[in-house]
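Labels run A, B, C and D following the written order; every chain starts at residue 1.
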């Protein structure tokens, strides 16, 4: 069980959303941030870097948005839909764009792996947004 | 002139929004992240910490959201309204809440200073959002 | 297999250190950052917050150091011992302090879980430092 | 006066080091993180991206290390030399490398500006390290 899930399960207050969905969002955000950070660096090592510029840019933004969103939704006590909802929407948008671009380079293993992490994170954020309605 | 502004002025591509408004948003986000980081720690040093818990939580979230948003909007080449807009909206929401809470403790100099940084950042984000319409 | 490990295994250049040790350091840093972020918030929800102030402070620093160190060592191409070594030493020091403090509150499940994450990260950083010699 | 300095001046506890040196380190770290974030993106927009790969990598690491170090040293209450010293050493090392590389491209305004930010941060970190002895 992930640390995110263990800590949510030990939480003494009320979490206003399904804990499994919340933990899945946090875990896939952290995974996605890690995959994008490493993929960014791998892209820079490709022979044709010019071809990878858009992918590098999207990975950089995606890692930043996922890291911040994971931190904010890991603090359920101060939960505020006015903050959490747009952060999740930004996550969905950047994971979609980054996943699409990485999929275009899916013949490169690092981009194939990163695309998978982006897809999972996008889906987990959509599921959490649906549950927050 | 701030480094954010100097680098935007040296930018060779097209920036789709007024550069002065963009630089003001980046600078006030970085200032707000710094003020919230330091205020958080000062709150923890107050005698009645229980009274400060909500302020500490808001400062933590506010620093995270401002830091991520500043990084993303500092990269104008990959500008995507679907990502930038909700990040700015999250910034407005958390700066409003954090500024309100800090203002309640404005007799403490660290909260008064932090409230000012939050207000400026909230306004700069609103101005940038208006200009992006 | 973690995304950190998958991406290191797909890396086309030379990694100057054992990949399993490097992946373990990245994974335990990310886990520790997550545990400290959530434990910080749980500490703020305890009845006697004053008792938790030192723990909150250490968790905040620990999450910041682990997040930055994980990002830097996830980019093996630009590896520079002059940067990586002190970052790992900072990680060891803060994980030791934070793990000790969390262990003092091990009767609280959130601190017990966080102490475990800190211990694992401290050990993985020590192992990586030893392998870098 | 910067927010970092205003908040340090309002600090009620004892700061174990000269406040002007500490504020200068925090401010130059934040400036350097901002300059490196923006320069990274500008590098990716250059015609010969391959020539900029090393600069992009160093800017990425430099922004991460400066951001984390600024956050940690902005919390004087929990000051621990075992954590702060290696973080400052990592900052000195990455600012030196990144400043050297940016200076090699000083004919590009974005790299000239970033080199200046790196040099100032490196010097402020060295000054703070000297004062901490």
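Assorted remarks:
Keep in mind that, in the parts below, contacts are C-beta pairs under 8 Å (C-beta built on N, C-alpha and C of every residue); 3 or more make two chains touch, one makes a residue touch a chain.
Values in this document were obtained by computation on a predicted structure and should not be read as measured data.
The greatest centre-to-centre gap from subunit A, using C-alpha centroids, is found for D. Between subunit B and subunit C, two chains of identical sequence, the interface residue sets overlap for the most part, with shared numbers making up over half of the total.
Measuring from the averaged C-alpha position of subunit C to that of subunit D gives a distance of 22 Å. We define each chain's centre as the mean of its Cα atoms; on that basis subunit A and subunit D are separated by 27 Å. Of all residues in subunit A, those that touch two or more other chains are 40-41, 44, 57, 60, 67, 71, 75, 77-78. Touching subunit D in their complex are the following residues of subunit A: 40-41, 44, 49-50, 53, 56-57, 60. Subunit B contributes residues 54, 57-58, 60-61, 64-65, 67-69, 71-72, 75, 77-78, 80, 82-83, 86-87, 89-90, 93-94, 97 to its touches with subunit A in the complex.
Of all residues in subunit A, only 2-4, 6-8, 10-13, 26, 30-31, 34-35, 37-42, 44-45, 63, 67, 70-71, 74-78, 109-110, 113-114, 117 touch subunit C in the complex they form.
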